[in-house]
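Each of the next two complexes has chain A plus one more chain, namely chain B in the first and chain C in the second.
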Partner chain A sequence: MFKLLKKFSARIFGGLFRKKDNLKIGFYGPPNAGKTSLANKICKDWTGEDIGTVSNVPHETRNVQIKEKVEIKYKGKTLMFKLIDTPGIATKIDYENFMKFGLKKKKAKKRAKEATQGIIEAIQWLDDMDAVIIVLDSTQNPYSQVNITIIGNLVARKIPILIAANKIDLKKSDVKKIESAFPEYEVVGISAKEGKNIDEFYESLFKLSKKI
Partner chain B sequence: MPYKCVHCSKLYEDGSEQVLKGCDGCGRKFFFYIRKDQVDKIRENEELDVELDAVEKKQIEQDVREISGFEDEEVPVFLDFESVKVIRPGKYAVDLGNLFATNKPRVYKLEDGKYIIDLSTIKISERQT
Partner chain C sequence: MENKMKKGVKRIKGLSLQVIPFAEVQGLTIAQRVKKILSLVLGNKIVILHGRLRAEEEARLIEDTMALVDHVKNFKGIELAVIEPDLRNRSIFIKMKYGIAKRLVGDNSALTVIGPATVIKEIKRDPKRLELMLG
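Presenting the complex of A and B:
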């Protein structure tokens, strides 16, 4: 009888929590906002490994990168998810911009082609996401076509959002501007590079997982 | 304020001598004033309508095939919107609205009148709805 009960409860609770174990959380945003820096910070903190390379040259991430089973423990709670870092979304990709960073013409053109391919791939993945962290550069104007299009489409797909306003270590950072641009969503100011406010970010991440 | 030649649409900055001497393109002296923000818009559109030589066209076709994953040489034609426009090799304009729309296929514009349509993206959206 006890065995039977145990089996029954395992099936019920197993079924209840199965979805939560396979959560897919995507990192989206414009190029150079710090998506990979934040993804690296989380992966390094909880798995000990990086997920991808970072660079000052925009569109460094040109393929979707996945880290399976990232387990975060915070204040006695545990959250397990699949972390999906995506290429930066942009409306214009111009190889000449990459040449300003010292890239040769041929390499710059190749990067532009791969970046365009990356944008398509990032958008294709959107329907698979359970929740999305939108990483924005808090030194930049948040009222851009890219930001508004990404957020609008996530809302239309009913995917829960958390906005990470990155680069708060920089003087020009203005988290309040991002908060007033997107007042319906939780905004957490962080510096992925310096690890500033990362505990608050993890707390928000747990709140986000409850919305799924 | 900047000027635009009424006859050949050439643009001139404020105080340009061509306004008095005549347009470089057509020699006429008939201009109208335009606002600075309009100049930027016109220049942006000019950039989108560049003339491409045969080598560049071939390169664009090759790049788009790689991006879209179409190895087949058959190129379907048409559709009046584009998700990805290749302005010239290495320069792309992405229409995010179209790409995010699940009920529209991805369309790659190679040059005027030549497109690649990714029909597999329609199938995906049909399955989802």
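Presenting the complex of A and C:
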């Protein structure tokens, strides 16, 4: 009972007094969609530093990475938030897949172990987010259960969502397919690697922050 | 004759399906449901659940799967897919009927397929069809 009251008052008063600069915006999605590439692009643009390393080998990000106080100034508006980059969520991890990228068995097994823990950590962080950017690879089929599970969990927690359809610089990219898979959400096509459409992304990010 | 028949039958090694009716899991807690599913999957079975898991149950299923990948030898995770009736071009009346039924008896118009990743290589899913690619 006491716990319930505490939770209720935290929600009411937390909502009243939460400053907009304490926002926590998470980056979620499947592995290799470009979450860290996009997080790096934003951090580099506005703080001058990267947040993490990127790689072609899946599950390069295996810990939640945080950049405090990212301040974006765009068209006279300012948005300050805590950027939280999370490991890619998957339902399976096979160390042998990492060996195909040239990793030795021992290193591949270590990476797999860290990746499983990273996925658990990413899911546990869901409750702490104020808004989430779902980063999807626009060259891949969007109808994957992982994507649906992530979105379903955010909807259940009433967390506002923006979908970034990444890798539009690639020939196979199909942003329309993502739009038709998730028609209820704003989808913005970008290339985090080449910085394509990034202004449109920032515009959408400001719109997202208004939904919090 | 019997030998001839036996010769004609192709056995798929390690493939076993288990259908779970909605009523069997209805009264279980999240932890119990997930435990039941994972114990079958660990026994190399493809589970066909009548109904669908809630979003938080799916997240819990992934969390517990990852904990098992870390601890159970040769377990590499799961493949998971939900098949739902396609209501996009249906009339408002049909959509309402589904909505009311969903509220009254839970979402058991869907089918959830969960199997070991080593048995199911991939579940190809689009709104109209679902294919299990066996490993």
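Keep this in mind: the second predicted complex is superposed on the first by the 194 of 212 C-alpha atoms of A that agree within 3 Å, B and C clash if a C-alpha of one lies under 4 Å from a C-alpha of the other, contacts with A are read in each partner's own complex, and residues count from 1 in each chain.
The definition used in the following text is that a contact is a pair of C-beta atoms (placed from the backbone, for glycine too) under 8 Å apart; a residue touches a chain by one contact, two chains touch by 3 or more.
As the structure is a prediction and not an experimental result, all values here were calculated from the model.
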| item | value |
| --- | --- |
| Clash-or-fit label for the pair chain B, chain C on chain A | clash |
| Chain B versus chain C as contact partner of A:119, first or second or both or neither | both |
| Chain B versus chain C as contact partner of A:109, first or second or both or neither | first |
| Which of chain B and chain C A:145 touches, first, second, both or neither | both |
| Touched partner set for A:127, first chain B, second chain C, both or neither | first |
| First, second, both or neither for A:22, with chain B first and chain C second | neither |
| Partner chain(s) touched by A:93 [first = chain B, second = chain C, both, neither] | both |
| First (chain B), second (chain C), both or neither touched by A:55 | neither |
| First, second, both or neither for A:153, with chain B first and chain C second | both |
| Where chain C runs into chain B (options 2-10, 20-28 or 92-100) | 2-10 |
| On chain A, positions contacted by chain B and by chain C | 89-94, 112-113, 116-117, 119-120, 123, 126, 145-146, 149, 153 |
| Contacting residues of chain A [partner chain B, same complex] | 89-96, 105, 108-109, 112-113, 115-117, 119-120, 123, 126-127, 145-146, 149-150, 153 |
| In the complex with chain A, residue positions of chain C that touch it | 54-56, 58-59, 62-63, 65-67, 69-70, 76-82, 117, 123-127 |
| Complex contact set, residues of chain A against chain C | 89-94, 112-113, 116-117, 119-120, 123-124, 126, 141, 143-146, 148-149, 152-153, 155-156 |
| Chain A contact footprint on chain B (complex, rising order) | 63, 66-67, 83-84, 89-97, 99-100, 102, 106, 128 |
